[in-house]
Structure formats: structure tokens, C-alpha cells
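Presented below are the structures under discussion, each in the form of C-alpha cells.
Shared chain: chain A. Partners: chain B in the first complex, chain C in the second.
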Partner chain A sequence: MEQFLKTLIGDTLLNHVIIAALPLVFILLYALVAIYVEMKMAAHMQDRLAYMRTGWHGVLQPIADMLKLLQKEDTIPAAADRIFFILAPYIVFVGSYAAFAALPFGSSFIGSNLNIGIFYIVAISSLVVVGIMMAGWSSNNKWSLFGALRAAAQIISYEIPSAFAILGVVMIAGTMNLQELSAAQTGGIQHWMIFGGTLSLMKKLIVIPVMLVLFVVYYVSSMAEVNRTPFDIPEAESELVQGYMTEYSGMKFAIFYLAEYANLFAVSAIATVLFFGGWASPFASAMTGPLWSTFWFVAKGMLLVCVNIWLRWTLPRLRVDQLMYVSWKVLTPFAFACVLALGLILVW
Partner chain B sequence: MSEAIIAPPISSTGRSLRTEEMIINMGPQHPSTHGVLRLELIVDGEIVVDVVPHIGYLHRCFEKHCEHMTNYQQVIPYVDRMDYVCSMNNEFAYVVAAERLLKIQVPERVEYIRVIMAELQRIASHLIAVGTYGIDIGAFTPFLYCFRDREMILDLFEMTCGARLLYNYMWIGGLSHDIPVEFVPKAKEFCGYFRKQLRDFNDLLTYNEIFVKRTANVGLLPADVAVNFACSGPMLRGSGVNWDLRRDDPYSVYHKFDWDIAVGKGEVGPVGSCWDRHIVRMAEMEQSIRIVEQALEQIPEGDVQSAIPKRIRPNPGEVYARTESPRGELGFYIVSDGTGTPYRIKARSPGFVNLSVINEISRGSMIADLVAIIGSIDIVLGEVDR
Partner chain C sequence: MNPVAEYFGNIYRGIKTAMIGMQITFKHLFTRAVTIQYPTVKMKLPERARNRLYVNMDDCIGCDQCAMACPVDCIDIETIKSAPEDNLGMTSTGQKKRLHVPVFDIDIAKCCYCGLCVYPCPTECIKMTDVYEFSEFDRHNLIYSFSTMTPAEIETAKVKAKKMEEEAAAKKAAAAAAAKAAAEAKAAAPPAPSPAAGEQQQKTE
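Coming up: the complex of A and B.
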């Protein structure tokens, strides 16, 4: 892709702008689809229909919703800290958007082919916490402050088990570059990391259970990092009334939502790359190629997003101390044990 | 439950940093206060140090209004609007009181239909209670399942009297309409269907690991405290006290049916937790189904309006009648001065009394627990404030 653009328009600034803008276009389109899918899935689970009026089965409703939010009055509370209040949603969005730079969208497209790709993503997503703290503090609302403090505690706590789960995969693959990681998993479903990657059959049998545990650890902590039920404690509609987002309206509120959905896809995409082959086709050499690879990547990512939606509309919410318990006393020890086990297996 | 007092952190200069408790208003516009209840919380971080409930936002002078009606029958629509999620039970309590004052014996068929309606309404009311409780805990889906099933009960009511929420159905001495022919088969069909739904609901919410973790061990209400605060209904039975006015202060024809009183047993934690109150409601729905099924089988023939008095003018005197509403002991105290207008009507509403215990059971819990506690009390502000 980059090569193609370079031959087309030369190594100019425009080239870089296009490369940077593509994920943004993807996020916007994906958010519309994800909102529609979420509403429809939730509705069908709950024995109702959801949108039915705007377009065929309401497919145009997300666009209508977006237009509605654009028109809304953008209020800023009188007692709010204006600068930080305005800045906060954009910082949150930048945190999620920046992660897309290192996601391998296909065998020939990646925003930036970093050799420390996954490490970069883990680091840059922490920026979200700063934005949330800014939003909660500058709103000058006690409920928002509660939400922000809960969010900060939660996201920081869950980064540890998720980082360890990532470390386990990186140990097997021997690379932090997500493009190389995906390329290593081509050649059929048996080469996916969750099935032990390209290790020998003997080692695979020992590694598979460890990888399954690591996947669960990663997936649970990623759910917590994107603040979705059962870990939506910072937003907690019935307790905190949307937490740090309470005072936001109009476009700023929409940006928070966009960031949340972007983050949701980012963590699902990382799980895809780490455990399910990234853009690699599940059928050995069939259905490969640049376009197919993009299809596989997005499809796998969306599948994990759907699992997340399914869980969200099924489970109740944990309490804040129970959330910490899950992170520190369940997930982190398991992740540690798995990394230790993987280390021993690899040395053996 | 965590300790409410945490040692203040020490700064680098050796002096301790100043920490203070925060006063925060929960409501009147808050999704978990089930209406316009305002709770003044004093919190230390996430821990609730004290709760002061402020009520009265929905006060509509129900009792004063009743004194200015032209007759006793006109009070019934007002009674409907007291606890708007279980109007039938409110009417039931009022007509029982008025009939005792007038010494009217109503026909057997009327009593049976009243019991059927009251028990169906109890199921509808409990469905809202457990459904919204799910939302309080963060599970949205069970709520819609509850509303789907409640809809069927409302359809039965609509079939009978045309109204879906505020019925004006039970009149002093009779009923506004007899049940239509297709009511009995439809109601039987609902009973069979609903049994299965209850099992599914228990699988989805009641025994969900997260739900149990959130509600067992939270908001513990010991039996003696419950009795001292005059709690009633599922609030009292959740604490293990076997007390139900349908059996202990019999009215209507409840003594003719075979049913059990659901009591909290502490299946997943100490007795008297929020989970116990929830399971009592679940079990009561099952028992209500049993009562409805038996009543539908035994219902006698008759005229439902034969005993309605032409002119209601009770002898001077007073009466207190109490019934078991879905929320607890709902009583009406009526004083008559011999005219056609009630001299004084006082409602003893269970929600108001049950709410008074909130301070006692939520001190030292977390904010999220407080939401669980309010939900488990199952208040309807229309009835708390009247």
C-alpha cells in the first residue's frame, strides 16, 4: 500500500496524510456499523426490534443519530475548567486513534511498521486515562469525579494482566512487530498463536492450554480497559449516571463515544493479531492476498467485538472492590504463572 | 464490608494531609432512586458514611383529597394513583376497609375475582421490582423480559376493565365489570407460560455469579431490626420472619387456597441480605401463580354487582383494615362521621415504612451497594409520598 502510494504520488506529505487518514475513515465507518450491530444484537437478545424506521431495518439510524448529536447545543458548565473540559474528549480520542497506527490491517497495509508495535500500542493507550481524568476533574461535578477516579484505577490495574498476556505471546513469536507477528501465523489455522504458533507438535500440546488461559486473561482485561459491562464501573449508568461523561453533550459526547468504540475495535484487533492469526487466512493458502487479508483482519476483529457486545448485554456489573479483586488476585497471578510456564517450555 | 475510617496519608513534611468527607446528592433525578427520592449521602471515598433520605417530592395530598369527595366510591381512582404499579392491590385494601365499615358481605364470585386480580397484579408489580433491580445491578436484558411478561398480565386486565394501569375496577360491594368469557382460558395459559419464564429468569439473573456477589452480604437487615422498624412484605420475609397478612390477618378468600409463604433462608449468604429479598419476590411470584390457578378452577357463578350499595352512608365509627400488597402491609384507616363523605382517611403505606430502614442498613457500605439496597427495598415514590 505504502509502496503503491509512493509510486503513485511520490514520497510527499500527501502520501503520509493519506496513510494517516485511512484508519480515521475506517474508525468512522466502523463506529457506524458497530453502533448498528450493537443496537440490533441487544434488541434481538431482549426480544424487541430496535431501529426499524430509517431505511431498511433502520440501517440509516446511526447516521441520523450522529447528525442529531452534531446539531445539539454544546454546553459547557459555568463552573467547569474550560480548557481541560474542551480538550479532554480529544485526548481520549487521540489515545485510541493513535493505537490504530500500528495495527496491521492487511498483508500490505499498516500505518506504521514499528518494530515495537505492540509495546507502542500498550504505551499509547494509557493516554486515555489522562483524558478521562481531565474530563472528570474539569467537569466540576462530584459524580464525574467519582467516575474519573474509578476509571483511572481500573484502567491502570488492568493494564498489568493484559501486558503480561501480551508478553507471553511475544515470547513465543519472538517479535513485537504486529506485521511480522501476523505473517508468522500464515499457513492455516494450526499456526495461530492460540494453537501454539509454529512450535513443534510436542511443545504445542503443552502450550495450547497456557495460551487459552492467556487469551482469557487478555480478553477480560481488555474488556475492563474499554470500560464495558461487566466492567463499566466508571460509567455505571445506574450509579454514576455516565460517570466522567455526565456533563458532556453534543459533539464532545459523540467524540467520547467514538473513542470508546474505536478502543473496542483496537483491543479486539490486538487480540486477533496476538491469538487468531491477525490477517492470516484460516484456510492455509486459500483466500489470501492483500484484499482477503484485510477482510480476515476486520472480520475477526468484528467477531470479537460481537462477543463483547453479547457479554455486555448478558452480565450484571461488578462492584469497584470486586473489580480490583479480579485484576490483582485472579488475572495477574494467572498471567504471571502462564508467562513463567511459557518461559520454561521455551527454554526446554 | 470495609471499615469506614481510613488513616489519613502523611505528607513529606511529616504533617498528615487533610482529608474530608464529601456530601453528595443522589437524586431526585437519579436513575436508581426509582422516582423522585433524594438521598443525601455523606461519603468517604466510595464508602457511605451516612444516608439521609429526603422525601415529599411527589406529595399529592391524597388523604386531604379524600375528605373532599362527594362519596366513598370516588376515593377509588385516587387510591389507584397511590402505588401506580399495583393499583389492584391498593383498591383491594380500600374496598376491604370500606366494606368492613359498611358491614357489607360481598358475593363469593367477587371475592374470587378480586383475589385473581390482586395476585396477577402482585406478579406484575414484582416483575417490575426484579426487572429494575437487574438494571440497578447493571444487567439490562432481564428488565425487558420482565416487561414482556408483565404486558401479558396488563392485557388480561385490559380485557376485563379496559384499563391497563389505573383500573378503578374494584368497587365497594362489587366490581365494575365481570370477567369476560375468554379470561379464564387466557389466564390459565399465562400461568403455564409464566412458570417456565420464572425458571429462565432465575438462571439468567438470580443465580448469576456476579449478581450473587453484588447482592449477598449487602444491606443486611436482621430480623429484630426489621420488626422494630415495622418493615413488612418481602422486606420482612427476606429477613426470615414468617409473616404474611394473607394468612395471619385473613381477609377475602385466601384461606381457601393452598400456598406457601416465601421466606429468606440465607441460601447464598447471611439471612436478610438484598439477595434474600430478591429471592423472596421470585418465590412469591411462583406462589401467586398457584393461588391464581386454584382460584380459576374454583370460581363460582354469580352477579358481581348485586351487593353494591345504592347510597353509601356508613354509621359513625372507624375501621382499620390491612392487606398484603406486593410491598408489604397496606392499611387504610377510615373515620366516618355518618355523612356520605369520609371524615378522615389515613393510608399506612408499606414503602414509606420500609424506606425508613435505609439509613440503618446502608451505613458503611459502598455507593454501588447503596444502589443495590434501594433497589431491594422496592419503593414506589407515589406511595411513599402519597
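Coming up: the complex of A and C.
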């Protein structure tokens, strides 16, 4: 993709801008679809219908919502810390958007082919916490501050098990480059990391259960990292209005929303790359190629997003102490034990 | 309980119950929605649903019983006596109508749909219909006037009623005068009445 653009318009700034803007275009389109799917799934799980009036079965509703948010008055509380208040949503979005730079969207498209891709994503995602803390503090509102503190505590706690789960996969694959990691999983469903990658059959039998546990650990902790139910205590509508987003309106609120959905896809995509082959086709050499690979990547990512939505509308919210219990007393020891087990298997 | 068993039991139950929950929500994903798309699809109302009031003025005898029954005073009725020569017709229940009803206003915004006005009506002319979509942009449009009389008719009815009243009053006065004359004639024979009684009589005149 990059090479193609280079031959087309030369190695100019425009080239880089296009490469950088493509994931943004994807995020915007995906957010519209994800909001629609989320609302429809939520409604049908509760035996309702959701939007039915705007277009066929309300397909135009996300666009209408977006237009409404664009037109809304952008209010800033008088007592708010103006600079941080304005800056916060952009920092949150930058944090989640920067993760897309290292995501391999297909066999021939990746924003930046980093050697430490997954490491970079884990690091840059921490920027989201900074933005959330800024939003909560600058709003000068007790609910916002509570939400921000909870979010910070939660995201930092859950980064540990998720990092351990990532570490386990990286140990087997031997690379942190997500493009190489995906390429290593080509050649059929049996080469996916959740099925032990390209290890020998004997080792696979031991590795598969470990990988399953690691996947659950990663998926649960990623859900907590994007602040979604059952881990939505930072936003907890019934307790904290909207948490750190309470004082935001109009476009700034929309950016928070967009960041949440971008984050949701980012963590699902990382889970895809780490465990389900990334852009690798499940049918060995069938349905491969740049376009098919992009299709597989997005389809797998969306599937995991749907599972996330499914869980969101199934489970109730955790209490703060339960949340910490799950992270520190369940996920972290399990992830640690799995990493230890994988290390022993690899050495053996 | 053994703490280790409790720890793993908790985890097992956590995963198991989450799975059960997911199963339930997945099933509901494909069950039929209970939503009724209201303005396009309407639910059938029960047979005895109480909604907007309607008055059949052909049957109204202006008895004011509905207005008296109304707990929120939303019914406003004015009546004019009809002249003996006027034939206001009969109600469908066979009662003779004796009163003109120039005003029969129901402020439906005040109405609480209790239906208490329906039961006392002797001619069953006020009833609750199944119409429930009658929102208005102006509150005053919710005052429904059921009277069928035109202003001219009301005027003539009023004039007639006044005349009747005057005639009645004149009759009464004549009767009173006659009675007084009789009383005076009676009083002539006994000694003169007390001055206070005389004053009182003057007042009544």
C-alpha cells in the first residue's frame, strides 16, 4: 500500500498524510456501524426494536445522531479549567487513534511497521488515562472526578493482566511486530495462536488450554480497559451521571464517544492479531490477498466487538471492590501462571 | 469452606453464570420484539376504555347532573327555560325536553376520565368514546363546546325567557297585591296595624 502510493505520488508529505488518515476514515465509518449494531443488539436482547424510523430499520440514525451532536452547543462550565477541559477529549482520542498506527489492517497495509508494535500499543494506550484524568479534574465536578479516579484505577489495574497475556503470545511468536505476528499465523486455522501457532503437535496439546486462558484474561481485561459494562464503573450512569464525560457536550462529547468505540475496535483487533490470526485467512491459501486480508481483519475484529456488545448487555456492573478483586486476585495470578507455563513449555 | 476451593469455585461460578446469561440474551436476540410501532400500528383498546367525552345534544335535557357529579368541575352547563309554546322535542329515551342548553362546555384538559358523569345522565347522552388522540397546540382548544344553539337562537330564547319571567313576576306581583288588598280589607275592621308592620308592607310593594 505504502509502496503503491509512493509510486503513484512520490515520497511526499501527502503520501504520509493519506496513510495516516486511512485508519481515521475507517474509525469514523466503523463507529457509525458499531453504534447502530450496538443499539440494535441491545434492543433485540431486551425484545425491543430500537430505531425504526430513520431509513430502513433506522440505518440512518447514527448519521442523524452525529449531525445532532455537531450542531449542539458546546458548553464549558464557568468553573472548569478551560485549557485542560478543551484538551482532554483530544488527548483521549489521540491515545486510542495512535494505537491504530501499529495495527496490521491487511497483508499490505499497516500504518507503521514497528518492530515493537504491540509494546508501542500497550504504551500509547496509557495516554487515554491521562486524558481521562484531565477531563475529570478540569470539569471541577465531583462526579467527573470520581469517574476519572475510578477509570484511572481500573485501567492501570487491568493493564497488568492484559500485558501478561500479550507477553505469553509474544513468547510463542517470538516477535512484537504485529505484521510479522499475523504473517506467522497464515496457512490455515490450525496456525492461529489460540491453537498454539506453529508449534509441534505434542506441545500444542499443552499450549491450547493455556492460550484459551490467556485469551479470556486478555479479553476480560481489555473490556475493562475500554470502560465497558460490566466494567463501566467510571461511567456508571446510575451513580456518576456519565463519569468524566458528565460536563462535556456537543463535539467534545462526540469525540469521547468516538474514542470509546475506536478503543473498542483497537482492543478487539489486538485480540484478533494475538489469538485469531490477524488478517490471516482461516482457509489456508484460499481467500488470501491484500483485499481479502483486510476483510478478514475487519471481520474478525467486528466479531469480537459484537461479542463485547453481547457481554455488555448481558452482565450487570461490578462493584469497585469486585472489580479490583477480579483484576488483582484472579486475572493477574492466572496470567502469571500461564506465562510461566508457556515459558516452561518453550524451554522444554 | 476450604479457601482454595472457594477461590476456584468462585471463578468457575463466575464464568458459568456469565455463560448462562449470554445464552439467555442470545435467545432473546431472536425472539419477537414486543414493541408496538405506535402511530402506524395501534393497540386495540379494551371494550370499556374511557377516553374523550362526547355529548349527544339531541338527547340532553340540561339537568346539570353530570356537572354536579364531575369531581374536577370540568363541565359547564347553562340553561334557559323554554316557553310553553316552544316544542323542544323528545329525547330518544322518551323524555320531554324543557330547557334550552345554550352552553355545554367540557374542558377536556381538566377531565380526569373517571366516567362519573356518565352514570347519572338520565338520557344517556354523555358518554366516553375511544378517541384518545386529541392533543392541541393551544390549551383553549381543549374546551369543547357541544351546544348546538346559534347566538340568534340563544338571544330569542333569552328574550322569551325574560318575558316569561316578567309575566310570571307580574302575575306574582298581582297576586301579592291582591293578597295585600285582601289583608288590608281584613285589617280595616280590627284596630289600625302597628307602624312597623305598615313599613314592612311598603317595602314589599
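Keep in mind that, in the parts below, the second predicted complex is superposed on the first by the 348 of 348 C-alpha atoms of A that agree within 3 Å, B and C clash if a C-alpha of one lies under 4 Å from a C-alpha of the other, contacts with A are read in each partner's own complex, and residues count from 1 in each chain.
Here, contacts are C-beta pairs under 8 Å (C-beta built on N, C-alpha and C of every residue); 3 or more make two chains touch, one makes a residue touch a chain.
Everything numeric in this text was worked out from a predicted model, so none of it was measured.
In the superposition on chain A, A:Leu49 makes contact with chain C only, not with chain B.
Touch criterion not met for A:Tyr244: it reaches neither chain B nor chain C.
When the shared chain is aligned, chain C comes close enough to touch A:Leu311, but chain B does not.
Once the two complexes are overlaid on the shared chain, A:Phe215 sits clear of chain B and of chain C alike.
When both complexes are overlaid on chain A, the residue A:Phe265 reaches neither chain B nor chain C. In the superposition on chain A, A:Phe93 makes contact with neither chain B nor chain C.
In the superposition on chain A, A:Phe275 makes contact with neither chain B nor chain C. Residues 45-48, 313-315 of chain A touch chain B in one complex and chain C in the other. Of all residues in chain C, only 7, 11, 15, 18, 21-22, 24-26, 28-35, 37 touch chain A in the complex they form. Interface residues of chain B facing chain A in the complex, by the touch rule stated above, are 2, 22, 24, 30-32, 46, 134-141, 144-145, 148, 204-205, 208, 210-211, 213-214, 366-369, 371. The part of chain A that touches chain C in the complex is made up of residues 41, 43-49, 52, 216, 310-311, 313-315, 329-330. Partner chain B is touched in their complex by these residues of chain A: 42, 45-48, 142-143, 146, 229-230, 232-233, 236-239, 241, 313-322.
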